[in-house]
Amino acid sequence: MNLSVNLGKLKLKNPVMTASGTFGYGAEYSEFVNLNNLGAVVVKGLSLNPMAGNPPPRIYETPCGMLNSIGLQNIGVEAFIKEKLPYLKQFDTKIIVNFFGDSIKEYVKTAERLSSVNGIHALEMNISCPNKQAGWSIFGTDPKVTFKVVSAVRKITDLTLIVKLSPNVTDIALMAKVAEDAGADAVSVINTLTGMAINAKTRQPRLANIIGGLSGPAIKPIALRMVWECHKAVRIPIIGMGGIISAEDAIEFLIAGSSAVAIGTANFVNPKAAQDIIDGMKLFMIEEHISNVKELIGRLKC
Amino acid sequence: MNLSVNLGKLKLKNPVMTASGTFGYGAEYSEFVNLNNLGAVVVKGLSLNPMAGNPPPRIYETPCGMLNSIGLQNIGVEAFIKEKLPYLKQFDTKIIVNFFGDSIKEYVKTAERLSSVNGIHALEMNISCPNKQAGWSIFGTDPKVTFKVVSAVRKITDLTLIVKLSPNVTDIALMAKVAEDAGADAVSVINTLTGMAINAKTRQPRLANIIGGLSGPAIKPIALRMVWECHKAVRIPIIGMGGIISAEDAIEFLIAGSSAVAIGTANFVNPKAAQDIIDGMKLFMIEEHISNVKELIGRLKC
Amino acid sequence: MLSADNSLDPLLKRPFSLFRWLDKDIQILYRVVGKLTNILKDKKPDDILEIIGPLGNGFPVIKGKARPILIGGGIGSAPLFSLAETIKHKKPIFFIGAKTKKEILYTYALKSIGINPIISTDDGTLGQKGVITNVLREFLTHHSSPITDYCIYACGPRPMLKELTLLSEKFNLKGYIALEENMACGVGACLSCVVNTKNGFKRVCKEGPVFPIEEIVW
Amino acid sequence: MLSADNSLDPLLKRPFSLFRWLDKDIQILYRVVGKLTNILKDKKPDDILEIIGPLGNGFPVIKGKARPILIGGGIGSAPLFSLAETIKHKKPIFFIGAKTKKEILYTYALKSIGINPIISTDDGTLGQKGVITNVLREFLTHHSSPITDYCIYACGPRPMLKELTLLSEKFNLKGYIALEENMACGVGACLSCVVNTKNGFKRVCKEGPVFPIEEIVW
């Protein structure tokens, strides 16, 4: 049975990765999941300098989903390279580093630094966090700005470059196309949808940050549609994510057109989720007599 | 206790209406809900001529939500006026007619005809159905087209004019502003989010139409955020909807800035939902010592 | 339409046929396939379910002396038992098919009301081997009375009903079939559950679930 | 972190303290407040729950002869019982407060290990009337031994812990408090559960839930 897939020049042993921000820096889940078994580990979003993130409360559960307003708290690129990367490098998996900046300059600087060390296989550019200040969102919602920032990063790195798209747009296929035109090797579809929750009694928002990003099974139908739209629009591979909780979900994303999938909120629901999904995928392939997982990618019948 | 609210010059006895397409033409639910108790009944979207809608399967359940691709099947304006309106007029509630067209001309013609009969209190213009052909979506996603079509309808009707906005846009507050500028008396926020589901085994879409509109509790956090964003952007009243299932949900929408709420998918979950929500709202007001429901509208503390 | 608790997952009520309507009870016969039915199977006596119904129509009892042929496929046999009880004096012929022996339902109860069903299973573990429509075709081909003296009543999976439609055309047979479609409201409001008929889309929950077999466009 | 079934609503696991750790069992003591706890209360013996844990730290047992003062508010008393058992030889003074008599927990079990708790309820239905921090202030104001001979351990609602922080500053008291915050992962990965401390945000699930009282910034 062949489970391997390609993201541009990067080859994954199977299509299952972890979604940034839901798997820490990898070590946090190593008691539950053998990292050697994963297609790739995607770490929490990094910035040039450490960031404190938003005040608590930072999450709130909603029907079949959750809102988060972590606000990109992270230890910064240098600490990651020194303290976290050596641990991850022990494993036979691909290491994908998610990062962001507050300006094109910062995006470039961060990508440069990350490209200068050994052991990182790909960069995932987050241009789509709903927890940042208003104004920041243009990186992921204004096609012109998106083109600029992706092109700038593309110029300075030879690593596989993945652009993580925002679902909070009118036309995500257009954004995928822009990322492709700017030189991205792959797109991640989708980041969280902006949402909100209110305590009716106190009349206060449930999150200190007022708004947050919605993830989990609730958003799966939207994510799946967006993957399909992007699949029709671009030739670069798509990493599908958004509400995947079972192997069947993951396979639906492959069929809709993603070459790999990322497991996010499901890790919280079941700390073994990523492993269970790989196992379930294998079982599905046996039952359905599929020998190569690539036979599923983009094979929607309609 | 005062539950009445205003939508422009239209006064509702309470803020609870039904959402278009989920309550038929009213009669279907009259065994479960006394229509006299509702703030307003909003009927299934009408077009100038009867429409057959999309082939089945037309719905599919998703985590805490559902996809529908009814495709605006309806009996047409004339049959509505002749066969359904007389029944509805018996009740002491406001009758709001949801409608749409395939061109600006058709929007205008339909609105004209509906404005020419007695007993209709308001028109809700649907510019945001995700089940129509590509191309149609510009009515609800391209601000220039939105402005044109709303202005055109505004010119020919004196009825309270509500514009129903699409959530499938980058900036819904902008769309609300455009509707306001074009003369709308109120906006409905939100219609369904475009989604998709796939049968992993057959590799076919779960809906014959491939894509459909996502509704139900799953989308509530997104709807609530959009209401809040619109509330900050416009002065006309907002009708909030999207995943409301309980009185507490409804109150959260009032706090986020809506003057009324519409109950959609919840009617399917509990055919008495609209009534239960009105009762629950009263109970909440008693417990929280609120004498006028208007004290809640837009009173988010942040 | 039935729901089991207040959880929002599963969200919608699910449609079930009435298996039997007793003095103070109603009975449904169900197959465990997914979210709701898995919750149902763990329910205990006296647990409370929420039901709206009865909704839609039922199988019509035809006047005259036409002999009823009942055809049930898998769990589709559920709504046919009540009918069989009601019309047992007409000596119905009952065909039951399923994938395997375990899925052939309530034959014991049928025998107790004097009906000896004709059975087939896909795997041959009970009755004849093969699909029930084949057994029926065989029967019709060698039937003794004029074909117009029969009236069919059927419920089962889509392929079975499609095949039956072909058979009914071929043998010029009248009758009724009960259809399934995904449902949301159950009361005719949402237009989810339409099927295509010679007179346009009709709602399974309201105009159905039983339709004259010749009316359906597959 | 605990979940009760495979339903996606509620979705996330919920954090609970270990009430007691017995030979082959663990016990949790919980208050029915929402979705998960309502499901829990209907569970029967031998039903299966999914738990990951133990996670984070616990109350440290201080060396030396400082006399422990335990303060539990409402369901916040849950994690203090094990501690009380462990350090009963130090003759802890146990303050328990709650809204009303019914919410004063396990006093009987405490008495059985020789601890006679000091109780207050907001409505005066058991023990003194008023909040437990008032009772503690009273006690501290008239304490007999030097204040540094005490070490406090507390868990309870936010206002109680805030008030305790003020008291501990005023009386120069050392000790530990267990905090609550909304959690998603429970293993330190998601950064949901942070609280503000003098050394920046710390995760309740990993560096906590127990923190030195002087470290927290309210």
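Here are some notes:
Per-chain residue numbering starts at 1, and chain names A, B, C and D are given in the order in which the chains are listed.
Operating definition for what follows: a contact is a pair of C-beta atoms (placed from the backbone, for glycine too) under 8 Å apart; a residue touches a chain by one contact, two chains touch by 3 or more.
All values derive from a computational prediction rather than experimental measurement.
Of all chains in the assembly, those touching chain A and also chain C are B, D. Averaging Cα atoms per chain gives one point for each, and the point farthest from that of chain A is the centre of C. A straight line joining the Cα centres of chain A and chain D is 37 Å long. Per-chain CA centroids place chain B at a distance of 47 Å from chain D.
A straight line joining the Cα centres of chain A and chain B is 34 Å long.
Touching of two or more other chains is recorded for residues 8-9 of chain C. Looking at chain B, residues 63-65, 216-217 sit in touch with two or more other chains.
Viewed as a contact network, the protein chains are fully connected, with every chain touching every other.
Residue ranges of chain D in contact with chain C, taken from their complex: 7-9, 35.
Against chain D, in their complex, chain A makes its touches with residues 21-24, 28-29, 31-32, 44, 52-53, 55-61, 63-66, 68, 70, 73, 216-217, 245, 265, 267-271. The touching residues of chain C, counted against chain B in their complex, run 3, 8-13, 50, 52, 181-196, 200-201. Listed in rising order, the residues of chain A touching chain B in the complex are 62-65, 67, 141, 168-170, 193-198, 200-205, 210-211, 214, 216-222, 224-225, 228, 243, 248, 251-252, 255-256, 284, 288, 296, 299-302. Looking at the complex, you find that chain B touches chain D at residues 63-64.
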